[in-house]
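Listed next: structures, encoded as structure tokens.
In what follows, chain A forms one complex with chain B and a second complex with chain C.
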Partner chain A sequence: MMRAARGAVAAMVLIAAPWIVAAIAPGQQRYILHVLIFTALYGALALSYDLVVGHVGSLSLAHPAFFGIGAYTAALLATEARWTLAFALLAGMAAAGLAALALGVPMFRLTEHSFAMGTLGFALVVQIVATNWVEFTRGPLCVTGIPKPQLGSFRIATLPAFYWMALAAVALVGLLYHGLTTFRLGRAFHAVRDNEVLAAAAAVSSLKYRMLAFVIGAAVAGGVGTLYVSYVGVLCPGELTVSLSVNLLVMIFLGGVGSLRGVLVGAAAFTALPEILRMAPTWRMVIYGLLLLVIVIRFPDGLEALFRRRAATGA
Partner chain B sequence: MHDLAEQLVHGLTLGSLYAMVATGLALMFGVVRLINFAHGEFYMLGGYAFWYAYGELGLPYAVAGLAATAALAVFGIGYESTVIRAILSRSWHVQLIATLATSITLTNLAILVFGAQPKEVPTKLSSSIVEVAGVRMAWQRLLVLFAALIVFGALEWFVTRAKLGKAMRAMSQNREACAVVGVDIQQVALITFAISAALAGGAAVLVSPLFNIFPDVGALLTLKAFAAVIVGGFGFVKGAIAAAFLIGLAESLAGGYVSYAYKDAIAFVVMVLVLLVRPQGLFGRRIGI
Partner chain C sequence: MTKRFLGVTAVDGVDLHVEAGELVSLIGPNGSGKTTLFNCVTGYLAPDEGRVALRGREVTGVAAHRIARLGVGRTFQLVSVFPRLSALENLLTFLQEHQEESVLARLVRAPRVRRYEAVAVERARRLLDSVGLAARADTPAGRLSYGQRKLLAFAAALMPDPELLLLDEPAAAVSPTMINQMKEQIRALHRQGKTVLLVEHNMDVVMDISQRVIVLDHGQKIAEGPPEAIRRDPKVIEAYFGR
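Let's turn to the complex of A and B:
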């Protein structure tokens, strides 16, 4: 009961955030909402990444590519063919999912490091294509003038509207994440992650479940890419760099691999921290790198371990 | 015709570079079963060390080159005794993420310290041209090929004749048995990292006068060297060297005749093709130094 009540209050606070922010910090409303939108989108993206890394144990570095494929599909369809958001979103998700399926066939023949390197190679190739195929992606000139999304007669153009869109997205992805990782399917995922041989002996095909998580994760990443470009309005090849993988790794390891709450907390901490500290981007990456190094060596369970310990001893 | 010959010489230069970096990766994997994602950054650091010694301090090429290589060997020892020792007993996930984190940190530190603009370090050898059988090339390219031959010859001698080299080979075959008969495992790991880092630094000293030095040169280089390690059969050093030359030549020919913009994708394409046809690598899957 207490948990349900707390959850309902948290949900109401999140939904009412634009008004709360307006009441508390009227001058900073736009900036705070912008950070919140990024936090929600990053949260959804980190969840889709954790589905692959945290639940089936495949250390993919191709996530920026799937994010980018979804984003480019949607951006080009919206600018060239005037597709509306709903269709562009579906197309972006489908394109990213299909790319993952096609990539997964050769990549899942690889194990461990080779899989990571192979997916990293794919991410680099996608970035090279996005930069150099100028006639199609406009290369370094970027895709500009991406229209604001339209849902029926409702136009998402104001910051609060974008905030609710991002909030709905992270809530939906959270539900999907919970559904996929909790029940029978979740147990199959974890069996594959924890002991492939034993899972195979129990007729749980590691390839099938890994591929499933990989494709769903990629499709969600493509969807987040779509929402991202519809918010930002511009898409450049620089959005697809390897450093996005590093950011996602920092988020899920900071918060706690394989945990819904942990990943969301990690994403929130990751997005809010540099905004508060106002660091230069290069310093930011140095600090993220060191942070990731320290976390993965000293605190591999992240903040989630802290929450669990408090729950076990305190309440 | 001369165009083709020039592309081949360029391919061999690239191959020498990739082979020296890939050898380090394969040695590390052979001895401690770990993939160092920060290996390309060793090359990058070697390049900056050389730029500092040659371009800023004005030391002669040979002295500056040896100093930069030695500096990298020291860096390799430092890296092994801090980061690597903390993650050796951990799962491959942790190892991979920790070395990737090191790579990101080093790249961005380099941007902060040296700036994002590429550094040029032309030498007398890189700016004077020699004509061999009608093919024009910089002396530096000849030096790269010649030095690569000497380095690989010396390495072959070291791992088959020298006591430490034999210990490295033994460790790549059976770690527990080495510990049982009293091989100092930590010392061998330390030496392996020193040699691997020195190889990357030496490669930077050799090719930096031809190619520029910039902070994020490492990411693609790690990928290409790793592609060579996979194509050559995981952890098999001679296979990795052969595959590195294959990738260098493929890249140079594709860059010259197909598309310069997409040349960096070649290594990845070669890697995926080989994995689809021969998942065990071109020379079979056996670990051996």
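Let's turn to the complex of A and C:
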């Protein structure tokens, strides 16, 4: 009962955030909403990444590529072919999912470290193609003038509208994540992650469940890529850098691998913390780095482990 | 119904044949190829020569998870559980793929899937009870003692009610009381008409419960017959104790 009530309050606060922000910090509303939108999109992306890393235990570094494939597909369809966002979104998700399907067949024949290297190679290739295939992607000139999302006559153009769209996206991804990682599917994912040999004796096919997590994770990343470009309005090859994988890894390990709440908290901490630290501009990144270090040393299992311990001791 | 295994393995031309409902033991010194033979039969290794047949159906080179679906259960020599799943979830994992596979039905938790799950939970609780682990149902398997994990792995192999059960050293590193318990469990399976193939070093267990014993040495079958005959076979004595 308590939990449900707390959840309802949290949901209301999140939905009402644009007004709350306007009331508390009227001058800063645009900036704060912008940070919140990024936090929500990063949260959704980190959840999709954690499906692969946290639940089937495959260290994929190809996630920026799937994000980029979705983003480029949607951006080019929306600017060149004048597709509306809803269709461009579906196309972006499908393109990223299909790329993962094609990539997964050879990659899942590799063992752990080779898998990481192979997927890293794919991420690099996709970024190089995005930079150099100028006739198609416009390369470093970037895809510009990506239209705002439109659903019928309703146009998502204001910051609060974008915020609600991003909030809805992270909520949907969270629901999907929860559905996939609990009950029978979750059990099969975790069996594959914990003991592949025994999983086969239990009639659980490692390849099937690894592929499932990989393809769904990629499709969601492609969808987040679409929402991201429709918000930012510009898409450059630099968005696909391999360092995005590093950021995502920091988020999920900071928050707690394999945990819905942990990953979301990690994404929020990672996105919001550097912004909050702008109050001390010179030392910003130094303080940020130290904070990450302290968290990793003090809580190697992520912030989620800290919450659990708190809950267990009843504090 | 006959059940046939013609495993001419990478080991060295071993011809092994187990009838339905039989309780057969596979013995031999370390490195004689018992576990390799197991791995070929259960799809973990593909034999270089020869074939594996199950109820007259050829299954050579079929993937391990598919062979498991055909009603073949096995345990591992080194105790093997899913450490981060609870004891109950460990057992549930072993039955769910046999019940249904549809990803979408699982994602939306279709009523059919919920019914299967309820059946599985009930069966899992009964099995946990039968090996004395009912009180540990919600404990992560990684936190159980060695002996408890061994019992859990055994119960897990029974979860899908396999026709053929391959047990790799069920009595190794287990206390004497638990060995007796294990023996009773295997006998009970035999009475239910299950086919059991056992790899075991504990001769008391082997001689006590097997109908037939097959002896491997250096990858070759050196003897085969009822326990009493094997006990007196000079070739077997030589393989174990030297000349």
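Simple rule for what comes next: the second predicted complex is superposed on the first by the 292 of 315 C-alpha atoms of A that agree within 3 Å, B and C clash if a C-alpha of one lies under 4 Å from a C-alpha of the other, contacts with A are read in each partner's own complex, and residues count from 1 in each chain.
As a convention for this text, a contact is a pair of C-beta atoms (placed from the backbone, for glycine too) under 8 Å apart; a residue touches a chain by one contact, two chains touch by 3 or more.
Owing to the predicted nature of the structure, the values given are computational and were not obtained by experimental measurement.
Colleague: Looking at A:G57, would you say it contacts chain B, chain C, both, or neither? Reply first, second, both or neither.
Modeller: In the superposition, A:G57 contacts chain B only.
Colleague: What is the contact status of A:T158 with respect to chain B (first) and chain C (second): first, second, both, or neither?
Modeller: Neither chain B nor chain C is touched by A:T158.
Colleague: Quick one: is A:A200 in contact with chain B, with chain C, with both, or with neither? Answer first, second, both or neither.
Modeller: second
Colleague: After lining up the shared chain so the two structures overlap, which partner does A:Y288 touch, if you call chain B first and chain C second: first, second, both or neither?
Modeller: first
Colleague: In the superposed model, does chain B or chain C contact more residues of chain A?
Modeller: B
Colleague: Identify the partner contact of A:I128: answer first if only chain B is touched, second if only chain C is, both if each is, neither if none is.
Modeller: It touches chain B, and chain C stays clear.
Colleague: After lining up the shared chain so the two structures overlap, which partner does A:Q28 touch, if you call chain B first and chain C second: first, second, both or neither?
Modeller: neither
Colleague: Output check: A:M117 vs chain B and chain C. Expected answer is one of first, second, both, neither. What do you get?
Modeller: Touch status of A:M117: first partner only.
Colleague: Both chain B and chain C touch chain A; at which residues?
Modeller: On chain A, the chain B and chain C contacts do not overlap at all.
Colleague: If you look only at chain A, which of its residues touch chain B in the complex?
Modeller: So the residues of chain A in touch with chain B come to 57, 59, 106, 109-110, 112-114, 116-118, 120-122, 124-125, 128-129, 131-132, 242-243, 246, 249, 253, 282-283, 285-286, 288-290, 292-293, 296-297, 300.
Colleague: Sort out for me which residues of chain B touch chain A in the complex.
Modeller: 35, 83, 86-87, 90, 92-94, 96-98, 100-109, 111-112, 219-220, 223, 226-227, 230, 234, 261-262, 264-265, 267-269, 271-272, 275-276, 279
Colleague: Using the touch definition up top, name the residues of chain C that touch chain A in the complex.
Modeller: 42-44, 63-66, 68-69, 73-74, 76, 80-85, 89, 92-94, 96-98, 103, 106-109, 113, 117, 156-157, 160
Colleague: Note which residues of chain A are touching chain C in the complex, please.
Modeller: Residues 179-180, 183-185, 187-188, 190-191, 194-195, 197-206, 212 of chain A touch chain C in their complex.
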